[in-house]
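A single structure is presented below for examination.
Labels run A, B, C and D following the written order; every chain starts at residue 1.
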Amino acid sequence: MTDLSVTIGSLRLANPVMPASGTFSEALADAIDLDRLGALVAKTVMPEIRQGNALPRVAETPMGMLNSIGIPCKGPEAFIRDAIPAFKRFHPPFVASISAGTVTAFAHLARQVGEGGADVVEANISCPNLEADGHAFAVSAAATAHVTKALRAATDGPLWVKLSPNAPNIAEVALAAEAEGADAVVVANTILGMAIDIDHRRAKLGAGMGGLSGPAIKPIVLRMAYQCARALRIPVIGCGGIASAEDALEFLIAGCRAVQVGTATFRHPGAMIHILDDLDTWCRARGIERIDDLIGTLEPFEAPRLPPGEDLAAE
Amino acid sequence: MSDEPASTLLAGVAEHRVGEHLCKVLANAAVNADYRHLRLAAPPAALTARPGQFFHLLCPAGASGTPFLRRPMSVYEVNAAAGEIAFLYKVHGEGTRALATLRPGDVLDAAGPLGRGFTIDPAWHRILLVGRGVGLATLAPLAVVAAAQGIGVTALLSVRRPDLVMSVALLEAIGAEVHVVHDADGSSEVRAVERRLEQMIAAAPVDAVFTCGSARLLTLLQRFVAAHGLIGEVALEQQMACGLSMCFCCVRPFRVGDLVEHRRVCWEGPVFDLMEAMP
Amino acid sequence: MTDLSVTIGSLRLANPVMPASGTFSEALADAIDLDRLGALVAKTVMPEIRQGNALPRVAETPMGMLNSIGIPCKGPEAFIRDAIPAFKRFHPPFVASISAGTVTAFAHLARQVGEGGADVVEANISCPNLEADGHAFAVSAAATAHVTKALRAATDGPLWVKLSPNAPNIAEVALAAEAEGADAVVVANTILGMAIDIDHRRAKLGAGMGGLSGPAIKPIVLRMAYQCARALRIPVIGCGGIASAEDALEFLIAGCRAVQVGTATFRHPGAMIHILDDLDTWCRARGIERIDDLIGTLEPFEAPRLPPGEDLAAE
Amino acid sequence: MSDEPASTLLAGVAEHRVGEHLCKVLANAAVNADYRHLRLAAPPAALTARPGQFFHLLCPAGASGTPFLRRPMSVYEVNAAAGEIAFLYKVHGEGTRALATLRPGDVLDAAGPLGRGFTIDPAWHRILLVGRGVGLATLAPLAVVAAAQGIGVTALLSVRRPDLVMSVALLEAIGAEVHVVHDADGSSEVRAVERRLEQMIAAAPVDAVFTCGSARLLTLLQRFVAAHGLIGEVALEQQMACGLSMCFCCVRPFRVGDLVEHRRVCWEGPVFDLMEAMP
């Protein structure tokens, strides 16, 4: 067996594979052994009771999907009373994903779920569905710094900040989160997209626009995860289109310390277990004893170019 | 739960209640102009499917690429002895068009069984099934299981055209009393159906009512059930992504007392209390 | 036959379907009848002679591809002498795509190709391969305004500005181009991405990163095209992942006046002809006599939401 | 060119030189552990393919989805009378693994013929073919066409293991003199091959040399051709996207006098002057 354990700040995970927020619940225990996962991540909870967005909430796209679920939520009390104990029956560290519309409410919620038993607070500052046209804390380094600082003050436990790929310069936003005390960043949430029902000439999603996820976005998110890993000292957790051990390895080699698997679980309930088994097989076939040795081993490149034509004249 | 790594995805999942089953296609033949009957060889875990439950099918690549999301299909037949399950499906959009290309010998990935099926009380004497179109596919296994428990079955099937009627032979074989109504002669209109149902239960009283496939019939049956002091269930549809309670895309509103509550068709359903459902 | 003609500024096109720059050459005449297209768009030309980027220059991704071709170029003189006459043998208007590293060089090149016979100048201010990590004029509204102004001064003919999906707020950049006299914007170029060869732990592209194109990016680019069409008075030309008439219709209904087809031609040399035929069939089946009547007919939406739980209590 | 809309993609393209042909698979059988022989029913336009030209194949969906880019394959056989073309391919990565799943009756989309093929001068008496591995697939049709024009063929085939040798029967059937070398006994080493070639052309002089499949053999043949004042051509490979000169991803460097120039394998090639090629 390969040593798959990884360290995210003060936290040691048995392996680098965990679910992405909003694509997982403890019901998946009906299909896989949750105790094999590196961590468990719950759907984002918000301070208020919410029904979520209008239907339809998902649309299929080429090798991906759009969603505009909109974070339906029974509120923090129900979350702490019912959801946290349900997740804590399992061994992996429990990550509570939180979001809020204001910095104060965000910080308050972080304290609540921390005291309620969450092992990690993951701040979803990037959900593109909550504001018109995708605005969110995560699209601005200043707003990210502001909210991270408040969250850091509100909780002593591990704090992960989940970034948005809709940010103009994601590494800059990641640096802002690092500077204000985040223990890790998750790269990234969904990319704002759209699909149109041409027969009815209306958006396929009830909310008009929604977040794109799945294999389609992997090349974009991998690039961002690499840019962040290159810029940061804190760990980067990659998330976007990961569906196989090979995909996970791309993110690890690019410098990510762990990965989150979202939409892949919708296509294959056993995807995370499959990834874990195949990571082990892949490493063993190559004599790699610790997955940690792979992290960030991408050969450096600096956009080498073939020299301009004239210079080649004499070769 | 064992700590040993499962050697394959299937093995990793098989020990759990919801499996991801790689099923060999035995047949996938057209039943009529719109519908196909898909028979699969299925492992024991899949054979535990109860009436009203569904499988989430991973469609093969079709003309315009691979459909990304799975497609939910009610189990239509479970033949535990033969190790087979079957679906009856309507060819509709990209996913079902892709399903229609499956040939015997191909492998189909079916995740399930999923969801909450119909309630059956062995003390009942007779149940009434009212189905429209492909809703029959969902109700048929209920008739089979009820009959096996000695419960009488009265069925009203509503179809667009007489040539699209299905499952009559199956229902008659288990001793059900079958009534067919259709749009062509107006017999499927709400008023006509209501009169017909009154006659049917006057002749043979029922303990519970089940329906699937039509919002109009659902409304009608809510009135009917209330008027006769019956109970009932409805199987509902909604677009799904995960099929496993995780994504909240399949919600529908339900009336619970004075409140309206969202429930997930894949998890709290697809079978719901008839009176709480909102058409 | 449906009337497929559309107007882009002063230019009337026989139909809204044309190739995207860099994915087309007059050699396609071996496979399709180029005279059926709405316009012909050449590969970007730059002021200097260039060999392009290191190999490999493409990588396959889920329903898409990454490229880091890097604009190999024989220089403006060769382009005007050889390429323009080759394209002008065909009837559709000829669009010369140009790019340069400085505003002055850009403007000079626009004048050169305009005088050399181009019917339209398309300014590729967005190519993500030429600068480290994808920086380009197109990621800044100010830089876009600056270069557009110079281009507008340099040429009297139709001027299209091709935007980058890597811009933080593409509608803002589009507005800058509009304000400085662009006749249309093309939305958009490729999205910066990456893929890793896990066995060799190196980037799959010789240049490290490259531009993602193909069906995978369609939902993202459609969203951007819609955002631009909603914000602008000048025409928007949609470009990203269009492979079928249905895809083209999504862009037209979202408000685009025409579409460019890129990567789809690599999978199906006849893709553009197929799209044209199917557009006609689709319109005729619905009694739509002029494609123009479809443009921008998307039902408005404003992210309607199911009301929060409490309000539903009384329904 | 007509102004009428073509009713299908195929029809729209068929009147032009490069077609997108929907070909029925006739056979797709394993030749040995690594290689498969794919036979297709092909329309007349595809049957014009000349030795050295290639088709760009749209692979079907495989285990990990649909390969997005087409895969270039040299035409291995053209049987105009039977309306068939064939390919000999090595199962290598995702695309060729997907090709390997094709069954008789399936349809494969093959765009072509593409590229510039081998030059044959009817005045020649004899040509020398030197191929390695799957490079033989590219050289085989050249041997057939040359033989049909009365040109003698001497062939040296280099393979990893004797059991991977292919096309010997085909070459012998057209009267070629065939020499096989392999890695197992060292006969495929550069020095050994060089000696062997010297003996071969001493016994039967040749007018031109053709090669495909090995950079090492290319270098060797450049020396050999220079030393003997011969001419020659090489078929080269490079990853392709468009296959039609449009994308510039398939370039390779060539030595032209004192200059190095980039040329597109899909357009200026895949067959190039032997001396200008850079291994």
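As a convention for this text, a contact is a pair of C-beta atoms (placed from the backbone, for glycine too) under 8 Å apart; a residue touches a chain by one contact, two chains touch by 3 or more.
Small disclaimer: the values here were computed from a predicted structure and weren't measured.
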**Asked** Chains shared as neighbours by chain C and chain D?
**Response** A, B
**Asked** If you average the Cα atoms per chain, which one ends up farthest from chain D?
**Response** B
**Request:** Quick one: report the Å distance separating chain A from chain D, using the average Cα coordinate of each chain.
**Result:** 46
**Fill in**
Chain centres from averaged Cα atoms put chain A and chain B apart, in whole Å, by 36
**Length of the line joining the C-alpha centres of chain A and chain C, rounded to whole Å** = 31
**Asked** Residue numbers in chain C touching 2 or more other chains?
**Response** 51-52, 55, 61-64, 214-215, 306, 312
**Request:** Hunt down the residues of chain B that sit against at least two other chains at once, touch-wise.
**Result:** 65-66, 262
**Request:** Report the residues of chain C in contact with chain A in the complex, numbered from low to high.
**Result:** 48-55, 61-64, 66, 68, 70, 74, 129, 132-133, 139, 167-169, 191-196, 198, 200-203, 206-209, 212, 214-220, 222-223, 226-227, 241, 246, 249-250, 253-254, 297-299, 301-310, 312
**Asked** What part of chain B is in contact with chain C in the complex they form?
**Response** 64-65, 253, 255, 258-260, 262
**Touching residues on chain A, where the partner in the complex is chain B** = 1, 22-25, 27-33, 35, 43, 51-52, 55-58, 60-65, 67, 69, 72, 214, 263, 265-271, 273-274, 276-277, 280
**Prompt:** In the complex of these two chains, what residues of chain C are touching chain B?
**Reply:** 63, 215, 244, 306, 312-315
**Item:** chain D - residues contacting chain C, complex
**Value:** 1-3, 5-10, 12-13, 16-20, 58, 65-70, 94, 111, 238-239, 241-249, 251, 262, 267
